[in-house]
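Look for chain A in each of the two complexes below; its partner is chain B in the first and chain C in the second.
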Partner chain A sequence: MSKALQIALGIITSIGGFLEIGSVVTAAQAGAAFGYQLLWAILLGVLCLIFLVEMSGRLAAVSKHTIVDAMRERFGFPFFSIVLLGIVLVAFLVLVAELGGIGLSLQILTGIGFPWWAIPVSFGVWALMWKGTFSLIENGASLLGLFTIAFVVAAVKLHPDGASTAHGLLPTFPGEDKAKYGFTAVSILGASISPYLMYFYSSGAIEDEWDESYIPINRFIATFGMSFGGLLSMAVLVAAALALQPKGIDVDKFEQAALLMTTALPKWGFYLFGIAMLFACLGAALEISLAIAYFFAQGLGWNWSENLQPSKDARFSFVYTIIIFLAAIPLVMGVDPIKVTLMGMALTAATLPLAIVPFLFLMNDPIYLGEHRNGWISNSVVAIVILISFVLAVVSIPLQVLGS
Partner chain B sequence: MKLVRDVLDKQLIDRENCEMGRVSGLIMHVGEKSQPRITHIVIGGETLWMRIHPMLGRISKRLARWWGPKRDGPVRIPWSRVETVGRDIKLDVRARETGAIDWEIWIARHIIEHIPGGGEKGEEEE
Partner chain C sequence: MILKRPLVVPLLVIAACKSPTPAEQMDSVISWLGTAGMVGDAWLRHTTPDKYTRQTLELSHDTLLQIADDLLKSPPSGIDTASLDSVLTRSRGRVAQMARLVEAKDAPGFSTQLDSLRADQKIVKRFSDGIESRQ
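Presenting the complex of A and B:
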């Protein structure tokens, strides 16, 4: 495959795979409650994500190690086990949210309640993992995820005001409802900076056998793929600000988020929202399930590859099988996926230091990266954004929990 | 070579490039007159959990008695079988003969191969 084609495919899959229930619900809530005021949180999150994804690819291309691989090796099992516990618990919560998102999308499209969909959806996701290859999951799901470009169409059709949109890119303090503002900002940051995306990306680079010649390609894909993906999140926020805020609609339910599409596209916006979210959450559910299985397999030194027959990497396949079916249980019991989503995103932000700080140490280690290790710009950007996310999370999560 | 940095927790690969776990621990012989030397590489949950707390090691040992493949104690591989120490540690052994991938084989046999599409039965025998 030519390098240009690889870059194009990488960018397209990044765009198609960017949105998921977390980024859509948090952006829709932000737009509905605070207008354009929280656009800065998406900008900050995406900026940090560009650096992190580029680093994940660079680590794999230069050292031939995935992040998890290097983390276990460099920091040892006792520290690794703490990271494993924290990251897997949060990723599991996000997986519940994504499976719930598929269920809610099917509820919109068919009228049958989401708890009824929990088992068939989990089975479907598992079957794709069981039979599919890495490129089917990476490219197939992401290409279907391109339906999410419909959010940009909706935002443009609502004619946003350029000056106010630009103003939202600068952080402002809210007049009232400070706790909700902080919590929403944290959830947006958690939804944008998803550690599972880094684990998935670095494992993908190893599955695709990247070497140092991929460093420029990696930089292009990370920068443009994540930037365009971030534009989709911003489009959701802008559409929500224009369609929902004037009517005083808060996004507590999935159907309310669908209204941001129906205002712009009255005839088929509702169904388009359902289809776009179905594919977006499906792609994310596949990526998270794989990321969790990668985490165990790479950390404990088992055989792993999504391209192998399940019996050839039995423990790897066993982990995703168990995880996917466990994630269906809360949904069968009727737990609200939107609440799980918001808590999952906020906890992701709160646990970011656990995932990112050791990663930054690795990225500065000459043993792994030699001359390709991080410069001061990437170190500073990531460290500052992670610190902001962590402080915001520590302050706003208790306030939100007490408030509700 | 720095043992903790270069050996402990490193990926182990057998002569057929099968990933056979990571170095959970090392056994060292300390003689009265001779220099201390590494005699074995240890692989296994018990040793691994012991590194966090001895109680966790004991729990892991008890759990392993109830469920899964049966074996006495963790897997020990003589240091003389180490071929190279680089990105991974390459061993001159066959993983399935050492017991290091007993769990992999047990899960494949008892669970994965019973699910349609999981892989053919008896394929592991080769």
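Presenting the complex of A and C:
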């Protein structure tokens, strides 16, 4: 495959794989409650994500290590086990949310309640993991995720005001509902800067046998893929600001989010929303299941590859099998996936330092990166955004809990 | 002792959880009445399926019932509680009726209920503005 084609495919799959239940629900809530006022949080999250994804690919291409490999080797098992516990717990919550997102999409399309879908959906995700290859998961699911471009069409058709949109890209403080504003900003940052995406990306680079010649490709994919993906999130927020906020509708339930495109695209908006969310959540559920299995297998030194037969990496396959079916349990019991999503996104933001700080140390280590180690710009941008996310999370999560 | 602290802090946080304020409850009422109105509009345009429309209207009804129960247990001061109760009960009834009319595929009857719901929504909005201005 030519490099231009690889770049194009990489960017397209990044766009198709960008949205998931967390980014859609948090952006829709932000737009419905605060208009354009929280666009800056998406911008900040996407900027940080561009740097982190680029670093993940560069680490793999230069050192031939995944993040997890290198983390365990560099910091030792006791420290790694703490990171493992924190990251896997949060990633598990996000997996529950994504499986729930598939169930909720099927619920609005068929009328059959999401708890009934939990087991069939989990089985379907597991079967795709068991039978599929890495490129099927990376490209297939992400290409189907391109249905999410409908959000951009909807936002454009609602004719957003350019000046107000641009104003939303600058941080402002709300007059009221400060706790909710902070919590929503934290949830957006958590949804944008998902560590599982870095683990998935760096493992994918190893699966695809990247070397140093892939550094420019990696930079292109990270920059353009994530930027266009971020535009999708912004489109969701803008559509919610224009379609839901004037009617006073908050997005507390998925049924309310499903109305997002019915004003802009009266004929197909509802069905496009259901289908786009179905594929977006499916892609994310596959990526998170794989990222958790990679985390265990790479950290504990087991055989791992989504391209191997399950019998050749039995412990790796065992981890995703168990984790997918465990994630179905809360959904069968009727736990609301939207609540799990919001809590998952906020906790992701709160635990970012645990995942990112050791990663920054690795990215500055000449043993792994040689001349390709981080410059001051990458270090500063990532460190500042992570600090902002962490402080916002520490302040707003207790306030939100106290307030509701 | 080291183990106790991480257990005590979340318990204190949970224990300190307070109910939403009357203004927040009124915002929720407006949000769910708006949801019922928007899904009703979409159904009349034949752009949402019957099952989704009915389920969303039922969800709106149930949520409105719960919010009204909580709100009227400790009503906000300076508000005509009987009138508020009356409009909330009436609009909830309309939402329930709309769900039944979806099942019967009675679009004209549905449209009439939707128009009345919009009128109730305006009254609820005035109550909400009144509560917010008192806070």
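As a working rule, the second predicted complex is superposed on the first by the 404 of 404 C-alpha atoms of A that agree within 3 Å, B and C clash if a C-alpha of one lies under 4 Å from a C-alpha of the other, contacts with A are read in each partner's own complex, and residues count from 1 in each chain.
As a convention for this text, a contact is a pair of C-beta atoms (placed from the backbone, for glycine too) under 8 Å apart; a residue touches a chain by one contact, two chains touch by 3 or more.
Everything numeric in this text was worked out from a predicted model, so none of it was measured.
Once the two complexes are laid over each other on the shared chain, residue contacts for A:303 go to chain B alone; chain C is not touched. By the touch criterion defined above, A:311 lies against chain B but remains apart from chain C after alignment on the C-alpha atoms of chain A.
Of the two partner chains, neither chain B nor chain C is touched by A:58.
Of the two partner chains placed around the shared chain by superposition, chain B is the only one that A:81 touches, whereas chain C remains out of contact.
By the touch criterion defined above, A:373 reaches neither chain B nor chain C. In the superposition on chain A, A:72 makes contact with chain B only, while chain C stays out of contact range. In the complex of the two chains, the chain A residues touching chain C come out as 108-111, 244, 247-250, 252-253, 255-256, 258-259, 262, 266-267, 269-270, 398, 401-404.
Across the complex, chain A is touched by residues 13-14, 16-18, 20, 27-28, 30-31, 34-35, 37-39, 42, 45, 47-49, 51-52, 55-56, 59, 125 of chain C.
Every residue of chain B that touches chain A in the complex is listed here, in rising order: 4, 8-12, 18-22, 24, 48, 51-52, 87, 103-105, 107-108, 111-113, 115, 117-120, 123-124. Residues 63-65, 69, 72-73, 76-78, 80-81, 130-131, 300-304, 309-315, 317-318, 321 of chain A touch chain B in their complex.
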